[in-house]
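Below are two complexes that have chain A in common, paired first with chain B and then with chain C.
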Partner chain A sequence: MNRIQGSTKNRLHIYLVIGLLFFICLFPMLDSNRYHINMGIMVGIFSIVAIGFNLLLGNTGQISLGQAAFYGIGAYASAILAVKASFSFWIAFPCTAIFCGLIGYILGFTSVRFKGSYLAMATLSFGVIFSIILLEWTTVTGGAGGYPEMIPRPSIGAFKIDSELKYYYLVWAFLAGVFIFTRNLIKSRIGRALYAIQGNETVAGIIGINPTRYKLKVFTLSAIYAGMAGSLYAHYATYISEESFTFLFSVTLLCMVVIGGLGSVWGSVVGTAVLYLLSEMIRYMAKFSLLPQAVRNVLAEYSYLLLAYGLFVAIFIIFLPRGIVGLFREGKR
Partner chain B sequence: MEILELRRVTKAFGGLIAVKDLDLTLLSGDLLGLTGPNGSGKTTLFNVITGVVPVTSGTIIFDKKDITRLPSHAISKSGLGRTFQTPLLFSNMNVLENIMVGFHSITRAEFLSTGLRLFGSRKEEKEMIQKAHAIMRFLEIDFIDYEEIATNLPYGHQRLVEIGRALAAHPKVLLLDEPAAGLNEQETKALGKILYRIRTLDVSIILVEHNMDLLMNVSGRVVVINYGEKIAEGTPSQIQRDPRVIEAYLG
Partner chain C sequence: MSLRDTLQLLIGGITNGSIYSLVALGFHLIFRSTGAINFATGEQVVLGGVLAITCTTVFKLPLAVAFFATFLLAGLIGLAYERLSIRPVLHFSELSIVISSIAVSIILQNSIALAWGKEHIAFPPFTRGNPVKALGVAIELQSFWIIGITFGAVVLLKLFFDYTLFGKFVKATVNNRTAAKLMGINTTRVVAFTFALSGGICAMAGMVVAPITFAGGALGTMMAVKGFVSAVVGGLSSSSGVVLGGIILGILEAFIAGFISSGYRDAIALFVLLIFLIVKPTGLFSSNQNK
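And now, the complex of A and B:
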């Protein structure tokens, strides 16, 4: 596909995108099963985090294993602002995004100079420290029991976003904004600078790109996205606890973008959807009484799910390095 | 007028002195040929000038400004472009994008304006596409499929794309590291023509080259270095008669 002119030689590709868009817009109206809409909401929320993470990993070539922490900071910050300061969602949300951006900037400032596995270690330890803080700082976070008070659902004036259906559209509207913003970014001067940094930092410097500066900016932006998603999650779930923001989520994100397609915004969304649905399917099958008990026990075990993720990633990296969306793109990148 | 001046520049890697007390002056509008046996420190010199490796001692003045300790992106922004001995194009971008990324230091649109596709960034992007095509015409590589991944091109074309990427930033000085290596006779001739054409853009050039025919043809002055030290400097005809040069190459 030609990214410069935005046109595509591949008709199938266009139809597929149109079909997907229709599906995304109409599915919660056609399918009133609350459980399914809930999955749609979670895919939307995770996709926002994944898009930011993919910009960092797939476009700039920088790893972060602490993304779950930004997602968690977003959720807790939004919860505290809404409950303790009685901020409405519409004020708590941007405050949270800015706050996460700030934390991302500070962490980035100290760690973007690290390369490869060193950056992975630095961000990983940030994530682990965050988990510990969530568990130990009980006066603020509620500790292992989760945030003690109910986080209110958002409303616009008298219009309350109280149903799953309404929340679905709220989440996907934000996702659409993040999606379009990121896609524009990737196709621009900035996107090329990021690709240059991913390709070869020395050469990027030679042509006038300041790698440290751009890495820091992308780091901050991905933290902002994660914070936004965290805020959306807190106000949707109304209850949050540490389990949702552990290292496991950071690893799941990695799997999502690899499976969907590194460096592709569509890839982030598709990968998130596929992996999320897969994990839900496995969870569903674990309760499926026709299966032998031994199989169900294995399926119910979370660590086996991770094993499956690992296998998936290995298979994709070997056979489909451009992810699922790579299948529908013409073979140049 | 001097556009680039090296004063007693030394670069040592531990005990190995790759460049030793080198003085070098590039006059504005000139094409300075730089040659010397393999391992004589030519590429290291380029790395030192462009800030890829830090200088051990000495001063580098570019366009009346001391650039000795600047990071390479700042040096590049002040108007110094370069190519590499083996073309280093980005394998994650196509040919046109590889040239367009060269516009980085003379364009402005940042995260917010590109993400929101504000008018200024759209206009800038359009201009970049047009200018990148113009550069391809200028270098006579407009017949190449510009959507091809740049590193899939034949070597000779990659070199020209790399020169195009460097030219995109309107450099005042261009450092070319063995652009004729791996080119056949016909391609080398075409390269010579293109070097002349680049000079018409008011770009001064330092050309590192082993191909003596090309070097002697296009250079105004030639500097020969060996073991990191300057052993001769002069017009091409002076250099060809210089006994120290002959010794360095034959002895």
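And now, the complex of A and C:
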């Protein structure tokens, strides 16, 4: 962990983080609006995917544009295990994570050996094909209509996690686990190896780090995270369809991570929260009757929002490559 | 399967393959000049289609004029794209170029959706008329246009790179940017030029493909995937390789879809990609130094 240097700026960070943690823990108790808790759950689920994606992009310099597919595989695999094999969530969840890791390993094995762009394109194709399979293989996936049966909510013994409030804590508990694990990973030997690989692969190879092996490991881990998030989503939403797992999700993820801060675990969560809440706010404002109709039409048009995402990403990558979190970390790596 | 069916599939494959070749050329040019994959390629293809539609229907230009106007416009957009989003990050890392190009692809895709709508837009074939029948095989007239234009473009590019001074600058830059710079070539301008040229070529692909697949919608992503797979099959760093790669992918797709199932037609490209990445990642025709 970082040594506290005692400067006022560092102290400010600690207050900020403690304040955030308090907010995350207490907000669903203070605010019983189900819609708001739903947003909290979705931010938590997306953050898990984003942390894995950021580990891959920000710490290893590898782009995956197929993260939506792993997220989708997680959701569908979990749904099928829970409905067809009537596995409980606690068995379906690890099975799903392992399954996604396996597919990630196979896909990564073919493409991480090459420069960043290759993996990006291979995963992009993988995502597109996954969408096709979801739509075509109707006997298993239910096709365009979505998964036909209701996916059960998890329970611990007699304690059913049936309300939004309970699910919120479940998701954020998982997120906390992923968060701490990833942060420790980055600060460990592996994290330093990744930093070396990102700096210069050849040099990393010379000092005894096998870039391919590390890249493959991280890629697999990011697939596992996505699968976990997918499973959590399936058991929360209880209904899943192809629309949630399209290429658009992979792209949104990239926007979240670049805007939040590449290579920072906090950045993944902050970026996810900012973009998700922004899009929800705009959706809310589009229904706001005080605004003139023309403005509301613009707000309701999803393409404008995505256009703004694209502009944000371009602006951030050119002027603020370390994202929002980078603003608070002047001078630190 | 009779000889006639085989021929029919072959011609369909070559037609689609020609389009993939053009897109693959777009990838190739930018890959050689910057070392990165241009993720906006697919959207630049769609842009060509919708621009041509606007030129012919709104401005009522004759088809030939519209064709060149679109080519130039798309080239200019390519220039602006390079100037605004690639040049500022060109010296950061490959990753920044890739992210920047993804950002541009999002911007382009949604601008197109806002300006032209999200639905597929129909575009009439270049020449109307019944398919030509030869050896019992029916060939759509648009197929001739697609194959002819691709062939023409490849020949013109070859002539340009081999016989003009600026073409040789580009060739020198893509072979070795540092050496070219030391020889006094303005490599910044060359990179800008490859973006313009690649934008124009992709637009051309978009125009010729519009009559058979429509323009807009999700065409861009699919085109980018197919073009990239073609480039990998042929060898991303070889210009004649990527063209052949496109044709090979087109034919493969046609035959596999013809024999097995057409529902998974678009999935074929992925398997081809994975096989190539495992077995021969440098592609069939790649050469390291010369092209």
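The criterion applied here is as follows: the second predicted complex is superposed on the first by the 322 of 333 C-alpha atoms of A that agree within 3 Å, B and C clash if a C-alpha of one lies under 4 Å from a C-alpha of the other, contacts with A are read in each partner's own complex, and residues count from 1 in each chain.
Operating definition for what follows: a residue touches a chain if its C-beta (ideal position, glycine included) is under 8 Å from a C-beta of that chain, and two chains touch if they have at least 3 such contacts.
Model, not experiment: these values are computed from the prediction.
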{"item": "When chain B and chain C are modelled together on chain A, clash or fit", "value": "fit"}
{"item": "Chain B versus chain C as contact partner of A:S86, first or second or both or neither", "value": "neither"}
{"item": "First, second, both or neither for A:R189, with chain B first and chain C second", "value": "first"}
{"item": "Chain B versus chain C as contact partner of A:N33, first or second or both or neither", "value": "neither"}
{"item": "Residues of chain A touched, compared between chain B and chain C (which is higher)", "value": "C"}
{"item": "First, second, both or neither for A:Y304, with chain B first and chain C second", "value": "second"}
{"item": "Touched partner set for A:S163, first chain B, second chain C, both or neither", "value": "neither"}
{"item": "Partner chain(s) touched by A:V251 [first = chain B, second = chain C, both, neither]", "value": "second"}
{"item": "Lowest inter-chain C-alpha distance for chain C and chain B in the superposed arrangement, angstrom", "value": "9"}
{"item": "Contact residues of chain A, present in both the chain B and the chain C interface", "value": "none"}
{"item": "Residues on chain A engaged by chain B in the complex (per definition of touch)", "value": "2-4, 181-182, 184-185, 188-193, 195-196, 198-200, 202-211, 217, 221, 263, 332-333"}
{"item": "Chain C - residues contacting chain A, complex", "value": "31, 35-37, 39, 84-85, 88-89, 92-96, 98-100, 102-107, 109-111, 113-114, 118, 221-222, 224-225, 228-229, 232, 263-264, 266-267, 269-270, 273-274, 277-278, 281"}
{"item": "Complex contact set, residues of chain B against chain A", "value": "50-52, 71-74, 76-77, 81-82, 84, 88, 90-94, 96-97, 100-105, 107, 109-111, 114-117, 121, 124-125, 128-129, 147-149, 165-166, 169"}
{"item": "Residues of chain A touching chain C in the complex", "value": "57, 61, 63, 65, 107, 110-111, 113-118, 120-122, 124-126, 128-129, 132-133, 136, 247, 251, 254-255, 258, 301, 303-304, 306-307, 309-311, 313-314, 317-318, 321"}
